[in-house]
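Chain IDs A, B, C and D follow the sequence of writing; residue 1 opens each chain.
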Amino acid sequence: MTTPLLDTKTLERVLDEFAEARNWRQFHSPKNLAMALTGEVGELVEIFQWRTEEESWRVAQDPATAEHVRHELADVALYLVRLASVLGVDLNAAIADKLVLNARKYPSSSTQE
Amino acid sequence: MTTPLLDTKTLERVLDEFAEARNWRQFHSPKNLAMALTGEVGELVEIFQWRTEEESWRVAQDPATAEHVRHELADVALYLVRLASVLGVDLNAAIADKLVLNARKYPSSSTQE
Amino acid sequence: MTTPLLDTKTLERVLDEFAEARNWRQFHSPKNLAMALTGEVGELVEIFQWRTEEESWRVAQDPATAEHVRHELADVALYLVRLASVLGVDLNAAIADKLVLNARKYPSSSTQE
Amino acid sequence: MTTPLLDTKTLERVLDEFAEARNWRQFHSPKNLAMALTGEVGELVEIFQWRTEEESWRVAQDPATAEHVRHELADVALYLVRLASVLGVDLNAAIADKLVLNARKYPSSSTQE
């Protein structure tokens, strides 16, 4: 058995139990989760919008900002994994397939030789 | 050793090698990757925008749409993991912390008893 | 002289004075403004994410939500007009051109006869 | 009668006729239009994601990119105005109110004296 690129199984289960315990499954349609994902990405982007690229590398140096970034990254991950989960998409397999496509679309220098 | 909620290690390494082989590291600032994440989420949302919630559950039934959704979900995952990676954020730990906060913020019915 | 589809002139001038008075022009690069636009759209989307389509029609019935929606719509408009402005894009002309393209791409029933 | 900051009346009417002629009103719920807005902003952001801030100022110098930017800005404007319209929000008034709030929140140097 090969190591998955991204192992989401434990998180999928936890998120489903979390939603079930709060009677949230009714709200977790793919359409709604895609919107929630958008909202969280918006919050993540806001951290970087007035910072230069140079400064964006250093956001983790300020403890408060670092914590903020961690929370927003986590929120994006939670909704992404939940969305894939309710759609029955195997995110690991989808990623593996996409990497193959990307490698073909953008051959590396060594591949091109 | 506990099982991680989300294991990103293999994918982080693959993405870094992919970027290195294409001389893309210079473009992968946190600011730029946050923007790229936005763009991909936009493409994902477009799949659902004119569909009802009811219909959004069935996007995986049409093979072409299912493939489209898988690719867009993968793209979002790739940029999310890459962004966390260049920032040095342990996404698994960030998720674990966020789930604790969420559980406090939204106690389940059984927790409330 | 024809009436413009969207007249942005007064707002463009006000926004430029606003930025100038706060020494914000340095932050208002097209790249940064595109990000800020994203963030505001994210806040707008959050209002609708857990509401059904049916409920989304009624957001203006609750005064607090109506006010929230108005503010977020305004924020999106402000960054959109500012972005077009710093790029020197005539938004009214761009819209006129796009409507022609859209009318060709999606002919109406009467046009199709 | 004062000049509006942003005059959307003509465009609102044109968009409503456009939707009516194509039997699209049924799809134009606030929820769906907020999603469509997201998708268009995503396409706009993609233009800037790998460009530096410096380069983002010059996107209009390349004719093809300039045209691309104009189309995406127009698309964002179309959905924003349509969304405000179906919600019955007077975007001009909403902007005027928001500018007052922003001026209070961020006093200019001269105001602060």
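Everything below uses one rule, namely that a contact is a pair of C-beta atoms (placed from the backbone, for glycine too) under 8 Å apart; a residue touches a chain by one contact, two chains touch by 3 or more.
Owing to the predicted nature of the structure, the values given are computational and were not obtained by experimental measurement.
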Duplicate of the C-D contact set - from A-B, B-D or B-C, the pair where over half of the pairs recur: A-B
Copies chain A and chain D touch via same or different residues, half shared test: same
Centroid distance [mean C-alpha coordinates] between chain C and chain A, Å: 27
Geometric centre distance via CA averages, chain B-chain A, whole Å: 1
Residue numbers of chain A (touch at least two other chains): 31-32, 34-35, 38, 41-42, 45, 48, 52-53
Interface residues, chain A side, partner chain C - complex: 27, 32, 35-36, 38-43, 45-46, 48-50
Residues of chain B touching chain C in the complex: 31, 34-35, 38, 52-53
Interface residues, chain C side, partner chain D - complex: 3-8, 10-11, 14, 18, 21-23, 29-32, 34-35, 37-38, 41-42, 44-45, 47-48, 51-54, 56-57, 59-60, 69-71, 73-78, 80-81, 83-84, 86-89, 91, 94-95, 97-99, 101-103, 106, 108-111
